[in-house]
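After this come two complexes, each holding chain A, first together with chain B and then together with chain C.
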Partner chain A sequence: MSAPALNAPKTARSGGRTNYEMWSWIFMRVSGIVLVFLVLGHLLIMNVLDGGVQRINFAFVAGRWSSPFWQVWDLLQLWLAMIHGANGLRTIINDYSERDQTRFWLKAALMVATVFTIALGTLVIFTFDPNIS
Partner chain B sequence: MPKASVGTLYRGHEGMWTWVAHRITGVAVFFFLLVHVLDTALVRVSPNAYDEVIATYKTPIVNLMEVGLVGAVLFHALNGIRIILVDFWSKGPRLQRQMTWAIMAIWLVLMIPGAYFMLQHTVESLFGSTS
Partner chain C sequence: MAATVPEQITRLQVTFKIARFIPETDEEPHYEEYTVEALPTDRVLTVLQKIKDEVDGTLTFRRSCAHGICGSDAMRINGRNRLACKTLIKDLNIKKPVVVEAIKGLPLEKDLVVDMEPFFQAYRDVMPFLISEGHDPTKERLQTIEDRAVFDDTTKCILCACCTTSCPVFWSDGQYFGPQAIVGAHRFIFDSRDAGTDVRLDILNSKEGVWRCRTTFNCTDACPRGIEVTKAIQEVKRALMFRRD
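And then the complex of A and B:
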């Protein structure tokens, strides 16, 4: 009796997906390290030092955003945290949503919320006016 | 995607619980971030609108929630560093359990003075202060 025929081996999947997931994996680690400094620094300044949240008001924000250093800090923090968080939620949606439709709509909502929030935050940092009445 | 069977045999010990906590803290912080960008955007409306919403951050209950937020971010940051060390440090996988206890200790050491300074004003305003 001859051995059963074997199917030809599957060809390696071509296209970007595998590569995309690798870059996503790398991005989470690189952005994570940067965010450790940006976000923990932000929380330390805003919530812990020198009276913490009690001293925050419009004038405090105006004082900080008069410096390009804090503008760049906040802009980088906004983009990295939003993309890092959105990518984390994408992973969680992929893990737990069982129907294709559910997965699609959850990711669509995530995408809209993420793009909207990054755009709004960026606009606010670039158009901030300390003399607004 | 296969549905998880009832009564899974997976018993993950510390590694499973840090994984669960990493997800929960990550999701919580992400949703706060959406709200936080919205409240900060009020600086484009008027100083008054911004100051009013920031006033809610200074109330006792929200102040307590901020300690929870900082605790969640700090855990996520420390555990993230642990994950990176497991991935890239040659001794990382062997020491992952010890690193779990190490980050817990660091978390506690940082949170005790952190919570003290964050809650100082609230405690004084609630229970009176002569100063």
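And then the complex of A and C:
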């Protein structure tokens, strides 16, 4: 009876050290905390303060986005929420898809949807025209 | 043995509902019930052995020391991963059948026996042995009591697989190193005498490493040795975040 042969440990990888999973983990924590304030603040301003949801119309949105402060707020909220959500879904896809093909296509669809939504939202925030007829 | 049991000790009729699987004939595991007499102070392992000896000799399970140190008889007892030799009948609700199943997430071989090889491979992958640097000393490798205390908890592991097979990430993604391998790595990462910390941290920094942990604490609840497994995993995460390159 002999000891089981030891396979080479999982160190032999091409390329240098990557910290991708670590940074994605840290990003989830940091963006989560920032989003708590951004989203709760957003909900409070839009739905509760100053007459609440009743006063929201085209002019109100136009007025807000004429200010760089609200542009940055909404932009940050959009990017953080989208990347936070997409990264969470990426983790779930990694967990539950069993075949490489399935995993690849699910991630591709997720990527397309995320990039499209972020691009469209960013475009609207920066090119919003209050004088549109 | 029976002759030495005092009168006042109650004998119980306990029913075990055991997940049976015979690979030659069964497609899927099925449950079979066995009722035997037992004492409240009997262990689940004793009752399983009694069923095998007196009722059905084909019942297959793994056991070695029967005293909670070899880690052979991990199984799901009433839905919780435990060692059959450390679980007493009096601590279970015997008004209903006691459900005994194989641990989840590893290939089922027969009845309560699973193929432990993927589990052991993950342990080997973190290199659970002392890696030294330079010339070997001519005397013992000494360390202070404080240095020893840092990793004391993770030296208690008996490789029973209770933690890894209670982890929902391991169930759905068998490539994940699993709590036990991280505990095994922790024992050396935080050992002041070891020089392989960077290599082990690199391994656990990979896609299937510590970042897959979702801190559900199933592993800590399951550990029959009382190791704070989730805490150990978090300590490895922290070491990765604050290490200097």
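One rule holds in what follows: the second predicted complex is superposed on the first by the 114 of 133 C-alpha atoms of A that agree within 3 Å, B and C clash if a C-alpha of one lies under 4 Å from a C-alpha of the other, contacts with A are read in each partner's own complex, and residues count from 1 in each chain.
Keep in mind that, in the parts below, a residue touches a chain if its C-beta (ideal position, glycine included) is under 8 Å from a C-beta of that chain, and two chains touch if they have at least 3 such contacts.
Everything quoted here is computed from the prediction, not taken from an experiment.
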> In the superposed arrangement, does A:I26 touch chain B (first), chain C (second), both or neither?
Replying inline: second
> Which of the two, chain B or chain C, is in touch with more residues of chain A?
Replying inline: B
> Can A:A113 be said to touch chain B (first), chain C (second), both, or neither?
Replying inline: first
>> Quick check for you: in the superposed arrangement, does A:F58 touch first (chain B), second (chain C), both or neither?
In response: first
>> Just checking: does A:S67 make contact with chain B only, chain C only, both, or neither of them? Give me first, second, both or neither.
In response: neither
>> Contact-wise, after the overlay, does A:T102 reach chain B, chain C, both or neither (first, second, both, neither)?
In response: neither
> What residues of chain C sit close enough to touch chain A in their complex?
Replying inline: 120-121, 124-127, 169, 172-173, 199, 202-203, 205-207, 209, 211-212, 237, 240-241
>> Touching residues of chain B toward chain A in the complex: what are they?
In response: 1, 3, 23, 26-27, 29-30, 33-34, 37-38, 40-41, 43-44, 46-48, 50-51, 54, 57-58, 63, 66, 70, 73-74, 77, 80-81, 83-84, 87-88, 114, 117-118, 120-121
>> Can you tell me which positions in chain A touch chain B when the two form their complex?
In response: 29, 32-33, 35-36, 39-40, 43, 47-49, 51-54, 56-59, 61-62, 78, 81-82, 85-86, 88-89, 92, 97-98, 113, 117, 120-121, 123-124, 127-129, 132-133
>> Using the touch definition from the top, list the residues of chain A that touch chain C in their complex.
In response: 4, 6-7, 9-11, 13, 17, 19-22, 24-26, 94-96
